[in-house]
Amino acid sequence: MVPSSEIPWGALLILLPLAAAILCFVWPKLAVVTGVVTMLLLTLAVGGFAWQLQREGLYQHAVGGWETPLGIGLYGDGLSLLMLAMTVLVGLAITLYARSYFNQKQARVFWPLWLLLLAALNALFLSADIFNLYITLEMVGLAAVALVALKGGRDALNGAMRYLLATLLGSLTYLLGVALLYHSYGTVDLVLLAERIDNSPVVWAALGLMGAGLLLKTALFPLHFWLPAAHASAPAPISALLSALLVKASFYIFLRLWLVLFAPLGGDVALLLGLLGAVAILWGSWQALRQTRLKLLVAYSTVAQIGYLFVAFPLAAAAGAMLWNGVSYLMLSHALAKAAMFLAAGNLLLFGGHDRIAELDRAVQRLPISTAAFALAGVSIMGVPPSGGFIGKWLLLEAAIEQGYWLLAAVMVVGGLLASAYIFKVVGYAFTRSTATPEPQSIPMGMEWAALLLAIASILLGFTAPWVFALLGIGDPFGGGAP
Amino acid sequence: MNTALLYSLVGIGLFSLGLYALIVHAHLLRKILAINVMGSGVFLLLIALAKRTATPLPDAVPHAMVITGIVVTVAATALALTLMVRVAMENHRAELSDQSQE
Amino acid sequence: MMNSDPYGALLWIVVGWPLLLAIPAVRRCLPMADYFAILPALLLLLLPMDFSSTLSWLLLGTGVSIDGERRWILATVVLIWALVAMKRRATPHTTPHGQNTFYLLTLAGTLGMVMASDRVGFFSFATLMGYSFYGLLLWGQSKPLEAVRRGARSYLICLIIADLLLFEALLLSAFNPQMEVSRLYLLMVCGAVVLKAGIWPAHFWLNASYRAASPLSALLLVLPVVMALFALLRWLPLGHVDDGVAGLLILITAGASILYAGWRFVQRPVQGERLAWLSLFASGWVIASVGVGLIEPLWWLQYGTLIYPLIAAVAVILLMVALLRPPPASPSQSGDSALWMGRMWIGCSSLSCKLFAGYSLCYKAGLQRAKQLQNGLERRDLIGLLSNWRNATTLFVLLGIALAWLVN
Amino acid sequence: MNESVWLPLLVIASSLIPGVIIFALAERRVKLRTTLNLCGALLKMALVGAMLWGVYHGQHYEVRLALLPQLELVLRADALSLLFVTLSSVLWLVTTVYAIGYLEGSPNRSRFFGFFSLCVTATVGLALAGNLITFLIFYELLTLATYPLIMHRGTEASRRAGKIYLRYTMAGGALLLVAIIWLYTLSGTLEFTPQGFLDGIDEQHHPALIIIFVLLIAGLGVKAALVPLHGWLPEAMVAPAPVSALLHAVAVVKAGAFGIIRVVYDVFGVDFATLLGVTGPLVIVAAITIVYGSLRALFQDDLKRRLAYSTVSQVAYITLGVAIAGPIAAVGGMVHLVHQGLMKITLFFCAGNLAETLGIHKVSEMNGVGRRMPWTMAAFTVGVFGMIGAPPVAGFISKWYLGMGALEMDQGWLILVLAASSLLNAAYFLPILYAAWFCEPSGPWPEERNFGRKETAWALLLPPVVTALLALAVGLLALAPFTPLAWVEFVVQREFVP
């Protein structure tokens, strides 16, 4: 036996799903089993990685022994760990859900793509240089587009196409920025870049390009145009995946770049981001409230929630690491909650055959578990205690009020109220008196429980903050000392 | 004006051209082509950057990047084309449709 | 005064026994509950000692006691109840189901008032007595007539306002015993008594009740008058306070009552009303003596004890008259005085509605109400006007707010 | 870990765990569900009893759980919190019995009782909260747990009520959140401390503190139904009677009032609040609420709506007692927390009985109902006299202390407000009694259900009678040891008199 501390957990996180993806592709009959087993192993691996990180601090690994700048470096700190954990948690639920969701033909496509996506995501979170981030981002994007289109149908294909164009545009813009940075500093390694960076027009141009590309992929208002269509038209587990993980992946890159490269440069940019975030909150929530279809509602809610992540930027300079902790926490809880909502919405859609909100009551009442999942996840989205969303929002609001950003604080509060409005618009149907005739339960239990467990997890996050923050502090990703 | 700068400017020009085309054209094939043009622009820029070293030997890193990038772009284009065909079959034309199914 | 346990227990039994019997299930086990209920009180009357008992945990530390002066009142009460019980046994079929409960509650309240040694206790028993007497008035009839209802309703209004006044007086005196001699306190207590005993100008409820009373109710109506007068004696620190103005006011009221009652009495009143005027006349004299006592405390100290036998005597006379009285003819809608009161009422309620102009609901309801009032006044139906809850209370609240605003 | 840590947790768990299990139970498992409910309620009462004993003897109960690096979830049992905990756990037991009777045979009972338990869990947690953030957490939980109960009937009216309720309470919660965070940024702590924790704050922040106070009171006032934030309460009367009882007596409205007590005493501190000059306006708001609620109640024909407006008025007594800012008034206000609960729950139970047994919903249909349902109406009568403030029912004691407190602080005009309220209470309650006892029934009852010789089902009859007796007893035996009054005096002594 190799001592567990010597297992290269980080590399395993990438290689395992990659190998499994190939296996699934080659051997479609084993797809489901492979998928499930891989997911479980991945969970284990993240656990091992966390343990390793906690013991040894920062994780750095040069693939194949090639050192930077030529080789591919892996890098892991608390933030990466959080993202990995998030991926695994959501991934577990999606795996559980997808097991019964897809028919045989779809499953043959789904599992390899899904595992590939996992591999790409894990690689993204462990990448140490901006070029590798590009590659992984592109991989993630392509796999996701394929998944959106998986089920076919006009909406899905259109959504997928739109998504593909947006994602390609975003990543090319990002790549251009990478090129500019490389031109100036001769490296793509984040750590080296951080040392060399200075205030020059090229950096500004790079910031602009990379930022624009990433914001497009993150769907920050007003670059969110592609998101509702894509997220709403995809099959339920894919929607969950998109909203929960993919948007976060590009945000993660943006955050990383911001933290190491751009934060010292841009005060006004931060303010602009904050304002865009604020508008996103209001616009997204308002649009969500106006939707008549459930999945669109949830998708617009994502637009709004992304706004919250960006509201933090103008506050960060004065608030320090704790604020970023809050943002990460918000990201995590939104991922869990939004995935739960999409899965639950998928169940309702499957059961009712439609997702028109006004006619949902029959489905809502026949599927109490899914409804409960939707409602619980909604609690976290609203930022009502006790939930992960509340913790994140608390930290954001605290910083906003402390620094006198009353407008931002007000927007966040109003956003919460709007969120409660659109969530209860749906949940309210659980209590109407409908003339439901008993009919066979056609939703497999696994699908219902996947949603519920995620939702419960997003609530439980309300109680685990100090513990998570301690892990987040590993490697000091946000600077300014560990919390 | 040295060669590298020229290449770089051309690269950026291509990128802008592609961006413009991507936004303006409705036909999906044109959009895909536009993206490819944008990609080419970026690659051109990267290759030009390889000459930035003082030594006669070019910097290998941008080359590696471009090769990787090309691989990615090829894959993306393939996916895009497939998707386009299917979208065209659904929409009866190779353009995006704004109407929802319902 | 002695304070020994068996006697203390007896005091509590006197009050508690009727309360216990008031529960229908208990009463059903006992024949002749009416008589049994006053038995402990009778026993107490026969024990010639003064004693008291205080329970520190009851309410705000309430006690009961008995002394020589209050024996007069106790005796009166026992007499009234004995008469009532006899009368009731003579005509058993007229008592509807549930009436006994009100009887016994009223009895308990009365006995408690007589024996309460502190004001909170007194007030509590007074409330008990007041509300159950209201029930009794209504349920005393096998088929309550409209006239009875009106009488009872106006009694209720007086009762509520009087209780409020007493409560505020109680608060004042409990907060600061010095307040006890303040004019505000004196007037509040007197006002309450005027309302409760049906003294002029609040005589209308007594008048209306007597007019429609059955022989039994006629007996019972002596009770609130006696108890209210008794309350006056218990609550005013007579002999220790010298307040000419308050005394004069009371004297004027008393004088007006006496004159008014006398004038109405000689005016060939309706059958039933004669008793009311008689009662008003008598209580006028009692009040007058209290007024004199306020003006000249020394006189009160000298002769004040005579007032208890006086009250008892008045009660006995009233009872006699009530017993001898023939049953009433069909109650007629005779006119009533105090039209000015009704007019004021209308003016105020329409004013209140205008004040509430923004408050459309009230405004509309109020206009309608005012119109009804107008009609009512034309029919000279004062009782109906008074029992108009919404206007009365709205007016009161508005006045209260205005007053509060002025005070601050 | 010792009992001082476990006991508060167990008190919370004793309703949380049955609640969660009940959610999972199938609709037909009536017996198991009833058993769980009753066991949970009894267990909670026993645990609360143990805590009462402990706190009385100086024991300290506290649990801390880190929520954020500097913020903790604190559950602490002090005398004040136990007052509320005891009230809600006793009334929960009674209400559970009532609800079991009331909902017999109706659909969705698992859901109902699940949320019912959650609601009580939130209330108890809110009572035990040791700092503002804990309070906020349970406050919001309460909002969420009550919403399904209000919507339970599923009719269009109840959907509307639920919507209105949410609008008010979510907005209130948001205000509270902002205020709490702001406070936190100014003071750096949120821990409830006797005499408050704010007097050390620099004078330049005083305007901010005044705004915070207003925000806090506005946030709490929504639940406490202070005018003009009371709009949801009369709407919410479409809910089933046990829910109304819960809203008005056990949980929601009381949570707001309790929060106001906490804010004034344990966050700002009476002296500091007086220094800031914020108690005066609060007194005025409370006074206006008292009179306005009663005035509106006069014009309601729907029995439950009338009761709801009456609650608006009565709960403001608590606020009033707190805002007067003197120890005697504080006793009055706090003891009214319990007294109003007992009386109002009785009234709502009775209203529910009338609706359930005879189909009566309106005051105008109540003629002669006293003869048909004497026990119910007797309980109702006790409640009514308590509301009016007639001795010896509990309301008298509250009014007595409030009046004394007002005099003590030279606010004599409040006596007039109290008098007006009593008068109005009489004006809108006594006609009901008159109709019920002294009028002949005007026809057959709207929807009569036959219960044989009994006037109604046992589970429906017993709770109002018990609470009526309790209301009578706490008034009659006010000065006995271990009555609410005695306990409140203990609280005031311990926490507010230095």
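We just call them A, B, C and D in the order they show up, numbering each chain from 1.
Assume contacts are C-beta pairs under 8 Å (C-beta built on N, C-alpha and C of every residue); 3 or more make two chains touch, one makes a residue touch a chain.
Please read these numbers as outputs of a predicted model, since none were measured by experiment.
Asks: Which chains are in contact with both chain B and chain D?
Replies: Looking at chain D and chain B together, the chains touching each of them are A.
Asks: Imagine chain A is simply missing while all the others stay put: what groups of chains do you get?
Replies: Leaving out chain A yields the groups B | C, D.
Asks: Return the chain label for which the distance between chain Cα mean and whole-protein Cα mean is smallest.
Replies: D
Asks: Taking each chain's centre as the mean of its CA atoms, which one is farthest from the centre of chain A?
Replies: Farthest by centroid: C.
Asks: How many Å are there between the centre of chain A and the centre of chain B, using C-alpha atoms for each centre?
Replies: 26
Asks: Between chain C and chain D, what is the gap in Å from one C-alpha centre to the other?
Replies: 36
Asks: Could you put a whole-Å number on the gap between the CA centroids of chain A and chain C?
Replies: 78
Asks: Between chain A and chain D, what is the separation of their C-alpha centroids in Å?
Replies: Distance between chain centres: 42 Å.
Asks: Multi-chain contacts only, two chains or more: what residues does chain B have there?
Replies: Answer for chain B, listing residues that touch two or more other chains: there are none.
Asks: Thinking of each chain as a vertex joined to the chains it touches, would you call that graph a line, ring, star, complete, or other?
Replies: Here the contact pattern is a line, an open path with two ends.
Asks: Which two-chain combinations touch?
Replies: Touching chain pairs, listed by label, come out as A-B, A-D, C-D.
Asks: How about chain C: which of its residues touch chain D in the complex?
Replies: 56-61, 97-98, 120, 123-124, 127, 131, 135, 138-139, 144, 149, 153, 156, 160-161, 163-164, 167-168, 171-172, 174-176, 361-362, 365, 389-390, 392-394, 396-397, 400-401, 403-404, 407-408
Asks: Quick one: which bits of chain B touch chain A in the complex? Just the residue numbers, please.
Replies: Its residues touching chain A are 8, 12, 15, 19, 22, 28, 31, 35, 38-39, 41-42, 45-46, 49, 52, 59-62, 64-65, 68-69, 72, 75-76, 79-80, 83-84, 86-87, 90-91, 96-97, 100-102.
Asks: Name, in rising order, each residue of chain A that touches chain D in their complex.
Replies: That would be residues 322, 368, 372, 379, 382, 384-386, 390-391, 394-395, 397-398, 401-402, 409, 413-414, 416-417, 420, 424, 428, 430-434, 462-463, 465-466, 469, 483 of chain A.
Asks: Once bound in the complex, which stretches of chain D touch chain A?
Replies: Where chain D meets chain A, its residues are 23, 65-69, 73, 111, 133, 136-137, 140-141, 143-144, 147-148, 151-155, 158-159, 162-163, 166, 170-171, 173-174, 177-178, 181-182, 184-185.
Asks: Taking the touch rule as given, give the residues of chain A at its contact with chain B in the complex, in rising order.
Replies: Residues of chain A touching chain B: 69-70, 131, 134-135, 138-139, 142, 145-146, 149, 152-155, 157-158, 160-162, 164-165, 168-169, 172, 175-176, 178-179, 182-183, 186, 188, 293, 354, 356.
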